[in-house]
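Can you keep this structure in mind? I'll have questions shortly.
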Amino acid sequence: MTAVALPGVRGRQLWAWVRIAFCAVMLALVLAPLLWTVFLSFRTNIDLLRQAPLDLHGPYTLDNYAELLRNQTLFRWFFNSLVVSTATVAGVLTLSSLAGYAFGRLEFPGRNWLYLIVLAGLAIPDQSVILTRHQIFSDLHWHNTYRALILPGLSAPLGVFLMTEAFRAIPRAQDDAARLDRANSLATFWHVLLPQTVPALASLGIYTFLLSWNDYWWPLISATRPAMYTLTEGMAAAQSNYVEVLGKGVLMAEAVVAGLPVLIVYILFQKHIVSAVTGMVKL
Amino acid sequence: MIGRLNRQGWPNLLFALPFLLVYGWLLVYPLLAGMGLSLNRANLFGGARFIGFENYIRLFRDATFLQALGNSLLFVVMCVPVLVVLALGLALALNRATRFAAFMRSAVFASSVLSVTVMTIIWRQILAIDGGLLSHGAHAIGLPALPFLSDPNLALPSLAAVTVWWSLGLPMMLFLSALQQVPRSVFEAAALDRATPWTVFRQITLPAITPALVLVTAYECALQFQVFGQPQLLTQGGPNGASRPLVLYIYETGFNQWDIGYAAAASQMLFALILVAAFVPQLAQRLWRRA
Amino acid sequence: MPNHTQGLEIRSVVKRFGDLRLFDDLSVAIAPGEFFIILGPSGCGKTTLLRLIAGLETVDGGEIRLNGRPIHDLPAGDRGVAMVFQDFALYPHMTVERNLAFGLRNMQVPATEIDTRIKATAGALAIDGLLARKPATLSGGQKQRVALARALVKKPDLLLLDEPLSSLDPGLRLHTRRELAQLSRSLNATFVMVTHDQVEAMTLASRIMVMHEHRIQQVGTPLEIFTRPANLFVARFVGATPMNVLDGTIAKARNGKADFDLSGHKVHTAITHTSLPAGEGWQVGLRAEHVAITAPSATAIPATVDYVERLGEQSWIHVRLADGREIVANETGISPHQPGDAVGLTLDGARAHLFDAEGRGYHAEPA
């Protein structure tokens, strides 16, 4: 008995070691770039311009972060991102929950066809509609406005899909009970069903926030005046001319400051983000 | 009249209408108009002229476009298999309820929540030949530093590596969620049957997550065809267009040269390519099953 | 001509689903204060009928009147009916109090009256202590009371209950059944309840309507349904075990009653022969408790014990006749019989029912 079991045990131990080694290597690869950036952000610019290897003992400095505080544009970009992302989240949640209620819960002529058309939109990449979308906003003279930065984010169908699923998951008897309680379809939506989709709304909201905050493509095309840059777009401008303007250390500090808010949002709401990204696979 | 409209449920459409309007205005219309635009010679200052498929014919004689197309394909071929294999490996290793596994999952996914612009700032300090982490490392062990971003043969693979680092979290999470759908009892039964880890993987795990595998592959193909920020910020598509993918080509043609009809034709090609990319894995799976 | 009949009246109701005619000319009247139970197997249309009354489905023909008022075209909330759902359908995000108040607010009941009504109803159902809780924190029995309270607080003219006991565990079900019976008596309200459980129907109902394949099979008091089943379906569906049904032929006995010939053995029924139509294809129906097991004898029908179910207070004995047909007999206490035992059967012919070729039932005149 023991003789037969041995190879299996040895095999299992081998796999355990392979697993541990793999995890260790991956963890190092994942964290090293992040730690390196943080490390650089605490070094002086002069130190960073030398070609010599960096001395781990220092000198360390907070000058780069102090410099950031003097930098008004960074705050402006941060503010723009906050406005755009918050408005996008509000818009997506409103439109998606209304549409999700209609598609997931109500009957109307053409419902299934319309839903299919909406789902097909999941396959349309932003890049293939960019030229005409740019023209729409040019014709309206809306470029370099908040509404131009916000509106395209509201046309994404993912939220409708997630909310339709969420509304479908609620037992049908809830609608029946509401009808007997004399609630019309708006009251049923607002008082009975919508409060039951709060977990889905939270996932969608946080996911949308990150997506909007991190969007580079559309702001790059629509917001051409630095005062209208989002933080993400601003970080692109910063890295292409950092040497002339502020120096590498400040750029690193900017990266840390720009990265931290999303990392904090991520750490706080990890569960919601994961459930949003895995939710779209159910398609 | 109104009673009949009510009974058929027309008022219910009002709930979907706000979204449908925005969707039609900013997604469906731009898509269809873009298809129309691709049949015109047009620039930003108006004056579109219908020229049929001339833009498309021109694309296939355009060495820059063909290079970009080739780069995009190459990029996907370099990225996606590595992403899928590493993500699956991580998912298998981390599909357990320990604190370390939870920390590791969070750490891997964390890089995905950074914006592409922050990500490229970080990676430039890794890859740059002057003062990058890798060149520091190379010097330390007496090797010459490599010009990862400025060598025509290294630029695109470097971008692929950066992209794998940045995008690993999502496929890993998707695989983990697929693995968690497999009932525990199946693995326990296999353990009672004295199955080796390899047998368990081949006979139980892999068949159970094949749908997820196909889906993730398709999704990543579609996603990586849309690569833009990494080349635009790290290499500007260079040297000599060696790392310029399709989207960067479309961007430059449309918004630097303002040749928008032509750029629209290129973006239709991208759309077609993405649709194909999304369906090829499904098709391959079907053929595989028949074989 | 206006009709001022009180209670619920369903007249010639038609309901279609696509090409399927679910109900074709269905009529029944329910008096005020009744505890009326619609009994039938799943898929018989009983829930659809309840939903038609509630207004959750619309009728395609006929009319439904409540206390003389036609309600079939009114929206669900305006019909004066309330409903207790199978899985209660409490609003999970609202407290018990808000659950009760929601409908009243929609009916524009003044806030002070909402308060009084909630207090009164909660008191009557002993849920005063739960008003601030959310449904997820309640036990099954508590949820059931809250669901009842939510329905009753609206002071409906008619209370509909859709399998209200089926999501409770067995022990609780018995308890709640008793409470429901007491409640209906004390409230003097009209209850219409749907169930597939014949025990619930027999114990709770003032009248039962048995449905099968979207048709009414019989309407009557529990006693009538049990002792004078209108047809084979009712005979088999109602009762702790299905009635034994065996085919054979009938003949007129000297006393004018019908004799049933069961492969050579005569069963003397108490059914007047002249009340029976001419024809073939007769079947006799006998409940297990009217089949007695004796020692084999010349007068008893010979049979072999097949299988014995001993429940403690009673036993079901499945026996096989010489021709292979099966009969179930009931004995109180723990039966001593073993599979394979040769026994005799004595049938209580006076309690037998006859069914004609269409399955229609004939019974002895009540004594």
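Observations
Per-chain residue numbering starts at 1, and chain names A, B and C are given in the order in which the chains are listed.
The working rule: a contact is a pair of C-beta atoms (placed from the backbone, for glycine too) under 8 Å apart; a residue touches a chain by one contact, two chains touch by 3 or more.
Remember, it's a predicted structure, so these values are computed and weren't measured experimentally.
The innermost chain, defined by the distance from its C-alpha mean to the mean of all protein C-alpha atoms, is A. At the far end from chain C, in terms of centres built from Cα atoms, lies B.
Averaged Cα coordinates give chain A a centre that lies 57 Å from the centre of chain C. Mean C-alpha positions place chain A and chain B at a centre distance of 15 Å.
Centre-to-centre spacing of chain B and chain C amounts to 61 Å, using the average Cα coordinate of each chain.
Put simply, chain B touches chain A in their complex at residues 8-16, 18-20, 22-23, 25-31, 33-34, 37, 44, 86, 89-90, 93-94, 100, 104, 106-111, 113-118, 120-126, 130-131, 133, 136, 139-140, 165, 168, 170, 173-174, 177-178, 194, 196-198, 212, 215, 222, 225-226, 228-229, 232-233, 247, 250-251, 254-255, 260, 263-264, 267-268, 270-271, 274-275, 278.
Residues of chain C that touch chain A in their complex: 51, 54-56, 75-78, 81-83, 85-87, 89-94, 102-103, 106-107, 150, 154. Interface residues of chain A facing chain B in the complex, by the touch rule stated above, are 5, 8, 11-12, 15, 19, 22-23, 26-27, 29-34, 36-37, 40, 48-49, 51, 53-54, 94-96, 98-99, 101-103, 106-110, 114, 117-118, 121, 123-136, 138, 151-152, 154-157, 160, 185, 189, 210, 213-214, 216-217, 221, 231-236, 238-240, 248, 251-252, 254-255, 258-259, 262-263, 265-267, 270, 273-274, 277-278, 281.
Of all the residues in chain A, the ones that touch chain C in their complex are 171, 173-174, 176-183, 187, 191-192, 195-196, 198.
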